[in-house]
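Have a look at the structure that comes next, please.
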Amino acid sequence: MHASACILPLALRDVCFSAGGRAIIDRVSVELAAGPSTIILGANGAGKSVLMRLMHGLLQPTSGEIAWSERDEARLRRMQAMVFQRPVMLRRSSLANITYALEIARVARSEREQIAVEALESVGLMPLAHRPARVLSGGEQQRLALARAWALHPEVLFLDEPTASLDPSATREIEMVIRAFDAAGTKIVMATHNLGQVRRLGDEVLFIHQGRLVECAPVARFFSHPASAEAAAFVKGELPW
Amino acid sequence: MVVIVKALLILAALAFPAHAQQKFITLASTTSTEQSGLFRHLLPMFEKNTGIQVRVVALGTGQSLDMGKRGDADVVFVHAKPLEEKFVAEGFGVKRFEVMYNDFVLVGPKSDPAKVGGTRDIVAAMHKIKAARVPFASRGDASGTHFAEVELWKLAGINIAKDKGPWYRDTGSGMGPTLNTAAGMNAYALTDRGTWLSFKNRGDLVISVEGDQRLFNQYGVMLVNPARHPHVKKEMGQAFVDWVISPQGQTAIAGYKIGGEQLFFPNAK
Amino acid sequence: MDTILQAARGAFDLITSGDRTLAEIVLLSLKVSISAVVLATLLGLPLGAAIAVGRFPGKRAVVVLLNALMGLPPVVVGLVVYLLLSRAGPLGGMGLLFTPRAMVLAQAILVLPIIAALCRQAVEDAWIEYQEQLRSLGAVGFRAALTLVWDIRFSLLTAILAGLGRASAEVGAVMIVGGNIDGVTRVMTTTIALETSKGDLPLALSLGIVLIALVIALNAAAMYVKEAAQRRYG
C-alpha cells in the first residue's frame, strides 16, 4: 500500500484565507513531516478548522501556497482522510457506509467487504455492522467515521475536534482508535482545544491565535516553556474558549 | 423539445401499449348532441351494426370544424349551416348532408323581468331584452348556438358586438356552463332544447320563448376530406355518414326521448 | 348546503355500488397520472440534482425558470401538446391525439418542473450538510449527486407526491389532448367537468369527493411508507 513515496511533507507558505473581507487565516507558514502527531491548538474561532480544511484541500487559500511532496492529484486525495466534528453518515448500514468510501476510492469490489469488516472490528463496531448508521449514538457514529477513515489506509488523517460533542467514555474510545492509527504509521493532524488531549495524543503543537500561527513546538516544551504570551495564557486556562 | 417529447412518448407507450387494431373513427361534434345523451343512444346501435367504435370529442361547432380542418377528426357533426358550407367549399369536407334538427329555446327567470313570456316572436323578445337591459348570458365561444344567437340579434337589427352593455354576459364557455351561469345570475340565455331538457341545475329558469320558425336548428354531417388528410378513415367515416342519414339511423334519432319528449327530428333528404 | 350533503351521500353510494363505469374511469385516471409521474420522476430527479450540485454560468436564472415552470398553466401545456400531436403538427403522423398516451405526455410535462424544482431544493439543502464529507471521500460531480439523491430518497417522495397531486387534479391539459372521449380518454377530472356542465352538480361533487378521497389515500400510503423507512434508516 505504501510502496510509493510518502505524500508528506506538507508545506504551507504564507497561506492566507479570508471570507467576507475578514482574514481568518493570516500568513501561516509551516511544514508538517511524517511521523509526529501534530495538534492544532487554539481557542474557538482561532481558525483551527479552517486551517485544517485548507491543508486537506476542502478550501482554497486566498493567497499563499500549499504544497505536498506528492504531485499526483488523485493519489494525493486518496492518501488523506478527514474525520469531522460531527460525522456525516449516509442513510445505509454501518458496513455500507464504509464500502461506499472504498468504492469511491476505487478499491476492487471483491475486497471491499473484507476491508470494511476489518475496519469495523478495529473500532469495536462489528456487532452494529448491519444497523443503519444514522441511528447509532454520537460516539458510535464517530467511531464509525474513524473506521471509514481506517479502511482507506490514509497516510495522513485529519481530525477536526473529533470528541468535542462526546461524553468522557466515548472520548476515551475515540482516543484509543486514534492511538492505533498513530501506531500503524498514519500521520495524525488533529484540531482541538482540549489540553488533556494534547498531552495524551500529541507530539508537536501548532498554536493558533486569531488566525496566526503563534507557536510551533514539541508538546513537552509547549507546556513547560510557552514562548508567547498568548500560549502561556492559554496553557494556564486564561483564554476564553 | 421534440426529442424530449418523443422520448416521453416512447416511455408512455410502455404504460399504454397499442391494442390489437381496434376499428374506430373520431367524430368531432357539439356539446349539445353529446350532453343531451343522443350519442349514447345512437352510437351503440351503429357499433353493433358495423363493429366500428365512434369516439366522440364534444366541442363547440367552431372548434369541431377546426379539428376537422387540422385533420384530427374523421367526421364532423355540427350545427351551423353557413360555417359548414364554407368548410366544404374550402375543401376540408367532402360533402355536407343534413341529418336532423331540433330547436333553440330562450330561457329566462320565472319572474320574466323583460316581459318576453307568452310570445312566439323571438326577434321581438331579443328587442325587449336589449331595451330592458336585463342580464343575458351568451356562449361567446364561436359555437353553433353562439352563431345562431348572433344571427337573432342581427334579425332584431342589433349589432351585438357594438351594442352590448354590462347586461350582456359573455361566458366564453359551453352550453352547460353558460346555463349554470344564467341560473346563477337569473339571466336570459339561448339554448338548444336537448341540452335544456337534460340540464339539471335550472334554478329559477324556465322556457320564455319557443316555437318560432327562426329558432330552427339544423344539424349537418360531413366526412373530412381524405384528399387533404390522407390518414382520414374514409371507408369507416363514410359508413357512419351513410348510416345516420339512412332510414335506420333516422328512425334511431327519432326514437331518442327524454321524459317522453322527442329531442331531435330527423330530416335527411 | 343541501347539495353538499346530497353529494357526500352520492359519493358514498358511488364508492359502495362498485359501478363499473366509475371503476374504469378511476383506473384510467390512476394509470395516466401515475405513468406521467413515473416519467417525470425519471427525468426530473437527475435534472434537479444536476442543477443543485452543478456549477455553471446562469445557474440562478435556470433555478428561477425552473421554479416558475412549477406554475405552468395546464391549458397552455395541453394546447402545446395538442398542436404537436395534431395531424397538422410536427408529430401528427404518430396519430396519438385523443389517446391516453397523449394525456400521459401532457401531464408529464406539467409535473416535470415540479419534481425537478423540489428535488433541486432538497438536494441543495442536503449538499450543504454532506458536501465536505463527500469531497473528502473523493465523491464529486455526478457521483455526488447520485449519492445525495439516494440518501434523501424519502424526502424526495414528497416532491413526487406533489407531482402526483398536480397530475391527478388537473383538467385543462387532459381535456384538450384527450378529448374526454367516453370509455377511451375520460378520466375523473374531465368527468367532473362534464357533469358540471350538464348541471348535475351533486353528481359532479360526488365524483370530486371520490377523487379527493383517492388522493388522500395515496398520500397516506406514501406517508406511511416514508415514515416506516425513516424509522428504519434514520
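Annotations
All chains are identified by letter, namely A, B and C, in their written order; residue positions are counted from 1 within each chain.
FYI, contacts are C-beta pairs under 8 Å (C-beta built on N, C-alpha and C of every residue); 3 or more make two chains touch, one makes a residue touch a chain.
This one's a predicted model, so the numbers in the text were calculated from it and none came from an experiment.
Set against the Cα centre of subunit C, the chain with the most distant centre is A. Located most centrally within the structure is C, per distance between chain CA means and the overall CA mean.
Per-chain Cα centroids separate subunit A from subunit C by 46 Å.
Separation between the centroids of subunit A and subunit B, computed from CA atoms only, is 79 Å.
Mean C-alpha positions place subunit B and subunit C at a centre distance of 33 Å.
Contacts from subunit C toward subunit B in the complex involve residues 31, 35-36, 38-39, 42-43, 81, 84, 86-92, 94-101, 104-105, 108-109, 179-182, 184, 194, 196-201.
By the touch criterion given at the top, residues 53, 56, 58, 77-78, 80-82, 84, 87-88, 90-92, 100-101, 104-105, 132-135 of subunit A touch subunit C in their complex.
Of all the residues in subunit C, the ones that touch subunit A in their complex are 129-130, 132-133, 135-139, 143, 147, 151-154, 232-234. Those residues of subunit B that touch subunit C in the complex are listed here as 2, 4-6, 8-9, 11-13, 15-16, 26, 31, 35, 40, 55-58, 69-72, 173-177, 179-180, 183, 198-202, 229, 231.
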